[in-house]
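Every chain is named by a letter (A, B, C and D) in the order it is written, and numbering of its residues begins at 1.
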Amino acid sequence: MTKRFGVVLVSHVEELAYGAYKLVKESATETPLTYAGGTDDGAIGSSFDKIMQAVEENEADYLYAFYDLGSAKMTLEMVSEMSEKSVEIVDCAFIEGAYTASVLINGGNDKQAIDDQLAPLKIK
Amino acid sequence: MTKRFGVVLVSHVEELAYGAYKLVKESATETPLTYAGGTDDGAIGSSFDKIMQAVEENEADYLYAFYDLGSAKMTLEMVSEMSEKSVEIVDCAFIEGAYTASVLINGGNDKQAIDDQLAPLKIK
Amino acid sequence: MTLTAKQTRAWLLNFSNKIHDNKQYLSDLDQAIGDGDHGSNMSRGVTAVEAAITDESLEKASDVMKKAAMAMVSKVGGASGPLYGSAFLEMAKVIDNEAIARVIAAGLDGIKKRGKAEVEDKTMVDMWAPVVDALQDGRLSVEAIEEAKAQTKPLKAKKGRASYLNERSIGHLDPGAVSSSYLFIALLEEVEVND
Amino acid sequence: MTLTAKQTRAWLLNFSNKIHDNKQYLSDLDQAIGDGDHGSNMSRGVTAVEAAITDESLEKASDVMKKAAMAMVSKVGGASGPLYGSAFLEMAKVIDNEAIARVIAAGLDGIKKRGKAEVEDKTMVDMWAPVVDALQDGRLSVEAIEEAKAQTKPLKAKKGRASYLNERSIGHLDPGAVSSSYLFIALLEEVEVND
C-alpha cells in the first residue's frame, strides 16, 4: 500500500540521523521514512544535497520533516522551497516528534490525528 | 577544571546515542558527557550495564540524564537507584534537552539557570 | 505456606520454557501495537535467568528470585526488563516469609511503582492485579488467568509504546500481560497455590 | 551604477581569500559562543563558490551571484550556508538592474526572511543592516564596517547556537557578522560603491 504521508529525519550528525531512523523504523515498519545527516564530507552540519535526496527518495509526497537543531531547519527550508513535494517542517522535539508522527502514519491515522498528537511536542 | 555537573545520554540505539554525543560535544567541549545505546548485543533496547557504565565513567557526580523513549527511562531509574551518584532523570526532549543542559554546564551556569532553561523542553 | 528455593527455581524454569515456546507469538502481539520485540526481549531475559538460578548453592527462595531479578533487569532490553525486574526484586524481599498471595502482591506493587500504570491501562498490571485478587480468594486457576488475558483486549493502551496508538490499540491483547500469564500458569503447574 | 559579472566575480573571489585567511579566527569566535565551526563552514562554502563562479561564460552578474548562492547553500554545512545562500539568491534577482545599495538591501531581506532575526539579535543582520544604511547614504567605509563589527560585542545573542548562552554571549563578536565584514571590505576593495 502506498501511503500519502511520510517522514524525513534531518540531523547535523550522520549517526544521529541513522540511529533515529532505526529507532523509528522498528515500530513504524510501513511508514515511508528517509533520513539525512551531516555534511557531504561527513562533518557535523547539514547538507542541502543529502536532504534533497532524502526528500525526493521518500515514497510519500506529503512529508513531515523533523530536525535536531535550528540551523538544519534553514537548509531544510531551502530544500522545501525547491522541491515539488509538500514538506511540512515540524518544530517538535526531534526524536519524540518523529517517532510519534511515524507511528501514527503507520497506523493509517488522518492528518488531524497526527497534528493533534504532535502539538504537545512543539518546543522550537 | 573538574565540573560538578555532567550529562548522560541514554538511547535504544547505539548510533543515536553516539550521534547525540557527537552533536553535543561539538559545542560543549568541556562538559562531562557519556552515553549508552542499545542492548548488550547491539539490538534496539536498553542495557542496564551500559547505562551503569556511562553513569560511573562520567567525571561528574551530579548527572542530568536524558533518554529517548519511556522504556529506557525505567532502566535508567534502576541504574539511578543502584548508583552512588546523583542522577537527575530529565523528562525533556532528548536531543534538545541534552544539548541545552550540556551547553549551559559548559558555560559554568548554576543549577537554577540550567533548570530554568530545561523547563520549556519538558514533554514527557 | 512459603515457597522453597527449589519450588521457585522450578517455577521460573517452567516460565522460561513457556517464554521460549511463545517467543514469536509475543513478538507478533508487540508488532501490532508496539515495536515487535517483546518475545525476543523476554527470551533474552529468561535465558539469563536460567543461567543465573541454576546454581544449586542458592539456598533460599529470595536468593533465587533476586538472581532472576537482576538477570531480567540486565538482559531483557525493553520496558519489560525493569518491570519484571522490579516485580522480582520486591517479591524477593518477602518470598521467604510470606504466603504466595502476599508475594505476588509485592510484585504487583513493584511493577506499579516502576511503570506508574493502573488497572485498565492495558499493561502487565492488568494480568497481575486479577491474579493477586484470585490468590487472595484462594481461587487462582488457568481459567482465571485466561479470562484476565482476554480482558486486556478491549482496553485502550495508556502506557508504553502502545499508548501512541490511542484507539488503534483497542482489539489487541497486551503482550506483557500475555507473557505474565505464562508466569502464573507456570506457578500453578509447579506449586499448590490455593492451599 | 550596476555591477558587472567581472566585478561580481572579483568581489566574491576577494571575499573567498579573506575567509581562507581568517578561517581559524572565525572558528575561534564561534567556539566561544557556538560550536566552533564557522571558519571551516565558510571556508568549505567559499571554496565551492570559487569553483562555481570561475566559469567565464557566466555573462551577467546575476549568473555569477546565483552560482555563488547555490554553492553556499550546498557546501557550507552550518546556518551561514542557507543565510548567505538566501542573501545571494535575493541579490541575484536585482543585481543586473539595481544600484549596489538596493542589491545589498535585497540580500539583507533574504537573511531576515530565512533566519527571522532582527537588528541587535547578535547575528549577520547586525553587519548587513548598518552596511545597507551606509550604502544608502553613500558613505560605506572600512571604518563603518569595523564599527558595525564592534557593535555586535555587547549584544546578547537571541538567535542561533549562541542564543543558548544567554548573558554569557555578551562580550564576544558574532562570527557571522565578522565573516560578513569581509564580504563588504572585499566589496570596497573591488568596486567604487559610493558613486
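The rule is simple: a contact is a pair of C-beta atoms (placed from the backbone, for glycine too) under 8 Å apart; a residue touches a chain by one contact, two chains touch by 3 or more.
For reference, the UniProt names are A, B, C, D = phosphoenolpyruvate--glycerone phosphotransferase.
Remember, it's a predicted structure, so these values are computed and weren't measured experimentally.
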Most distant chain from chain C, judged by the mean position of its C-alpha atoms: D
Centre distance in Å when chain B and chain C are each reduced to the mean of their C-alpha atoms: 30
Where chain A and chain B are represented by their mean Cα positions, the distance between them in whole Å: 24
Between chain A and chain C, centroid-to-centroid distance (C-alpha), Å: 37
Sequence positions of chain C contacting 2 or more other chains: 35, 37, 161
For chain A, residues that touch 2 or more chains besides their own: 26, 44, 69, 99
Topology of the chain contact graph, where touching chains are joined (line, ring, star, complete, other): other
Inter-chain touch pairs (all): A-B, A-C, A-D, B-C, B-D
Contacting residues of chain C [partner chain A, same complex]: 31, 34-37, 161, 164-166, 168
In the complex, chain B residues that touch chain A: 11-20, 22-23, 26, 37, 44, 68-69, 93-96, 99, 120-121, 123-124
Partner chain D, residues of chain B touching it in the complex: 26-27, 29, 99-100, 103-104, 107, 109, 113, 117
Interfacial residue positions of chain D with respect to chain A in the complex: 35, 37, 40-41, 44, 73-79, 81-83, 85-86, 114-115, 159-161
Complex contacts: residues of chain A adjacent to chain D: 39-41, 43-49, 69-71, 74-75, 77-78
